[in-house]
Amino acid sequence: MSTSTGTNVPALRLSKIARRYGSRWALRGVSLELAPGETVAVVGHNGSGKSTLLRICCTALRPTAGEGWAYGWHLVHQAAEVRRLVAFFAHVPGLYEDLTAWENLRFAARMLDRPESEIEPLLQRVGLWEERQERVRGFSAGMQRRLALARLLLGRPRLLLLDEPYNNFDPAGIELVNDVVREVCERGGAAMIVVHDRRQGAAVAHRFVELADGRVLSDSVAVPEARAHSRAVAQRWF
Amino acid sequence: MSTSTGTNVPALRLSKIARRYGSRWALRGVSLELAPGETVAVVGHNGSGKSTLLRICCTALRPTAGEGWAYGWHLVHQAAEVRRLVAFFAHVPGLYEDLTAWENLRFAARMLDRPESEIEPLLQRVGLWEERQERVRGFSAGMQRRLALARLLLGRPRLLLLDEPYNNFDPAGIELVNDVVREVCERGGAAMIVVHDRRQGAAVAHRFVELADGRVLSDSVAVPEARAHSRAVAQRWF
Amino acid sequence: MRDVAIVTTESSIPSGSLHPAAFRSRGVEALGAVALVALVGAQLLAILVSPPDRDMGHLQKIMYVHVPAAWNAFVAFFVVAVSSLLYLWRRNERHDLLAASAAEVGAVLTGLTLVLGSIWGRPTWGVWWTWDPRLTSTAVLFLIFVGYLSLRAFVEDPERRAQWSAAVGLLGALNVPIVYMSVRWWRTLHQTQSSPSTVDPQYVLGLRANAIAFLLVLIYFVYKRYRAALLEREVERLNEIAALGNGGAHAR
Amino acid sequence: MGLRAELRRVGAVAWKDLTAERRSKAGFNAVVFLGLLILLLFGFALGPDAEALRNAAAGSLWLAILFAGVLAFNRSYQLELDGGALEPLLLYPGARWSLFVGKLLANLLFVLLVEAVVVPVAVILFQVRASDGWLPQVAVLLLGTVGFVALGTFYAAMASRSRAREVLLPLLLFPMLVPVLLAAAEASSALLAGDPMREAGAWIRLLVAFDAIFLAASVAAFEHVIEV
Amino acid sequence: MGLRAELRRVGAVAWKDLTAERRSKAGFNAVVFLGLLILLLFGFALGPDAEALRNAAAGSLWLAILFAGVLAFNRSYQLELDGGALEPLLLYPGARWSLFVGKLLANLLFVLLVEAVVVPVAVILFQVRASDGWLPQVAVLLLGTVGFVALGTFYAAMASRSRAREVLLPLLLFPMLVPVLLAAAEASSALLAGDPMREAGAWIRLLVAFDAIFLAASVAAFEHVIEV
């Protein structure tokens, strides 16, 4: 327990993580550290291993080699504890299409044992309150992503793992995602975001980690002027 | 036939297109015209009807009301001819996961009856030549999108319908998509692209059509300075 | 009845389709009354006129429901086949609705035949059910249209539903003649079709009367279901016009 | 999490499965009709001879329930796979057994409902003399069903992760079930015959043993099967 | 497109289905085993009496083929649905019947292969006296299979896109098949008995009629089914 409450514990620490699918190495020894309150944007060419990395951090995959800790909990041996702190936002929303938006969140609330009272504000926030009684099957791509985001927030995660979170979101939605990230970080959490468009990442990221062929190519502090600029652009365009 | 060869025929003409899902109206009378050589970017909030519009244009859905023509061919009554000219790039890649990249394209080539010789250059272009013998199941999100793009080009479409084409693509991939669009337009084709980030759209679009709740909210010429600017940004960042 | 009024004033009803004015509820109810009277009359006639059967006794009266039900089930399925064909040909939603209504009623009648048949079989054959081709193929017929109806239940998109169920209905109706002929093809326990010559005229009279009465009932039910479906569609259409304003409300 | 929380999660999973099942109207009616259909086919395949029918009644009934049930189990995981919902489900904190038990309950209820319709029909179709000792018969049915559903839910979890889902499940399941069905069939036919040589009791005890073993084993093994 | 092009497309579709089937390893072997399994279960349900077995042989064999085949048909469309590949498939220019015929051929080959294994086993299990007239028997089997596969491929196209996939297919298919199977079973048992009253010929003609009707109807109707 103590480990998870210590203040100097990194939100995420990966040492020489490697992962093989069949004969193909998706990750070849990735080490990085993520401090509480920090947001890192992971970039890299298609197939460079970003999604695999996030899957390992959220315990959905086991590394073939190497170890990792989230807030001091071991990603493999203490997966149960890790799952309490980590939230993974995947390429696919992963909702139940035959349930309504509300029912999907209520199910999540019970699984995470949160009070149902937390559902309404979340639905309001992601702008699906009117559609709460409709089947997810009929939702558009973006509406589904919004609902998935709400579910993710229901868990009050301390470590966000977002895989290309901006896909399918309209400008308002993109701002929503950014707010969520900033919020979690201000609460002392941390976030790892996969992006392809550095401009988008710059809006929230303090750091850019570039992957190439499963290795860390560069790990650079985001140019602050860039973030300011991207804000400006944002204002100009939206 | 004559209709499709006439020069003054619009690449796409929609008049009062409406579409209902059950009791919910996704489109409420959309009319717009797209000239050959023109690229229009469709923007709009989540659930505004963009994907539905594209699906109707590629004959995957039938409008509940209203009519449309692609190069003079009626979208409903002459669907077969329309399908020869139109290519739709959906949210999902729609590949056969148990076939290799090469086999997927060869299947497409046979269905479109194109010579197999066209496959190699395409695979080279989307950067999957090395992976051509691997199952698509193992491809990353972006690799699958790249393959889907190659399949789409195999049909030599004259009207591109791209639904959020930039998702999952790395910067190089995004440029690839833009090149494809420009190319088709220079060949006298046309393109309709759904985007959420106007900056991205501005790189290729001559026009922005904004949808809201299934109606056309605005139909504006893209600010050229914006396109120049976005190029500049692109250079700065990539 | 204002909804009906709207229906009839609606101009865009494709030619060649049954005009909703034909379903003014008053007409339907009248038909219903007639059918009821006919049914009661026919049953009374059959029961009074026909003497108790030699070896079946009064049980034999079941025949006056069992057989007409079976025959009219065939009629209903015939309607399904025809309107399915019409739909595939004309693409007019009304044909689809008609097919659906007929299929529902037909399925019910087939069920009735089955139930009464097995009730009848208990005393006459000593078993509720036996694996006799006629019986089985009737049950099969029943299940085919159960399948038809469940297909309709599982498909939302109305156009898709219409096309698919038209195809299924058509193929399903192909089986009706097979059921009918099954008795000839497979030597069976169940008796074969008899011609009036082989049956005591009193039975023939009763059977004919009841067959007609059942036919009326059949028509009544089909109309009622069909009309209800039509009205639903009309309501949707009105919503459509409301939703679209006047723009683009010219449904195909 | 505490046991109470886990039980709430069990309830949530079961509720979710049943609701989705109800919503995709497919579920119940179709499965029931399928069961009837299979009975019909069997009866027809076995020909009109009443005696042969009566002997094969128990067997056929179980086969019909088997096929209907297998469909239900596959559906209960297909549900998770369709929208890629399995990954989030597995990433919820807390124990895994609650997921399994939840699905188990949902499937059990489902299969029992199906039986409620199929069994009476089978009795009629196969001209089974409904002997007065129908209560033990029901007990046998219930016991057999529990073992069946436990194993089915368990194997469906594995099959669903593989690529040959629909095929793999019956392949894994049926052989395992043979003992259960054997015991059940023997017990019920013994009871049907009025249990002349008092053997039914033994069969029933055997059934209970099977159920206990299968339940325990599957709950325990599930954690590992579903782990990642 | 010209007829030649369409035929190439037929080949492409069939090839694609078969390859994917081969790749997803489980596929064939699993289906075969399932068929055998079902035979075993039947034998088990029908009890030891050799005479009863022999009588039910044809019926049981057909049921086994039925269940195995239904799985295969569903898989052949599941394939399209998994990666959302159906939409692009339908958006290829050209006629729709070539898609259907392609899938039909793939399924036919698949089922025939399954039969190649299952039938001999059935002959042994059910102690069928392999009468010398085995060639007509094979003909009957082939005819029955063609009708079965045609209808199955057709209905699977709908069922797989409805929400009740696994359940709806057998529900639609089996009742339609009864006449075919009946004719086939009658024919083969007549042949087994040495065709005393020369009725086999009539049954076979009936089978041919069924096949012709079903093939024509399904090819014709497919255009409409797949249209939207």
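In this document, chain identifiers A, B, C, D and E correspond to the written order of the chains, with residue numbering beginning at 1 in each.
To be clear about the criterion, a contact is a pair of C-beta atoms (placed from the backbone, for glycine too) under 8 Å apart; a residue touches a chain by one contact, two chains touch by 3 or more.
Predicted model, so just to flag it, every value in this text is computed and none were measured.
Looking at chain B and chain D, the chains in contact with each of them are A, C, E. Ranked by distance of CA centroids from chain E, the top chain is A. For the pair chain A and chain E, the distance between C-alpha centroids works out to 48 Å.
Between chain B and chain E the centroid-to-centroid distance comes to 39 Å (mean Cα coordinates, whole Å).
In terms of their C-alpha centroids, the spacing between chain C and chain D amounts to 36 Å.
Not a single residue position of chain A touches two or more of the other chains. Under the contact definition stated at the top, the residues of chain E that touch 2 or more other chains are 24, 162-164, 168, 171, 174-175, 178, 182, 228. Each of residues 136, 140, 143, 146-147, 150, 154, 159 in chain C touches at least two other chains.
Contacts between chains, counted with the stated touch criterion, involve the pairs A-B, A-D, B-C, B-E, C-D, C-E, D-E. The residues of chain B lying in touch with chain E in their complex are 58-62, 80-81, 83-84, 86, 88, 90, 92-99, 103, 107-108, 110-113, 135-136, 151. For chain E in complex with chain C, the residues that touch the partner chain are 151, 154-155, 158, 161-164, 168, 171-172, 174-176, 178-179, 182, 186, 206, 213-214, 217-218, 221, 224-225, 227-228. Contact residues of chain D toward chain C in the complex are 24-26, 29-30, 33, 36-37, 40, 43-44, 46-48, 50, 53, 124-125, 127.
Residues 1, 5, 8-9, 11-13, 15-16, 19-20, 23-24, 79, 82-94, 228 of chain E are the ones that touch chain B when the two sit in their complex. The residues of chain D lying in touch with chain E in their complex are 24-27, 30-31, 33-34, 37-38, 41-42, 44-47, 49, 52, 55-56, 58-60, 62-63, 66-67, 71, 74-75, 78, 162-164, 166-168, 170-171, 174-175, 178, 182, 185.
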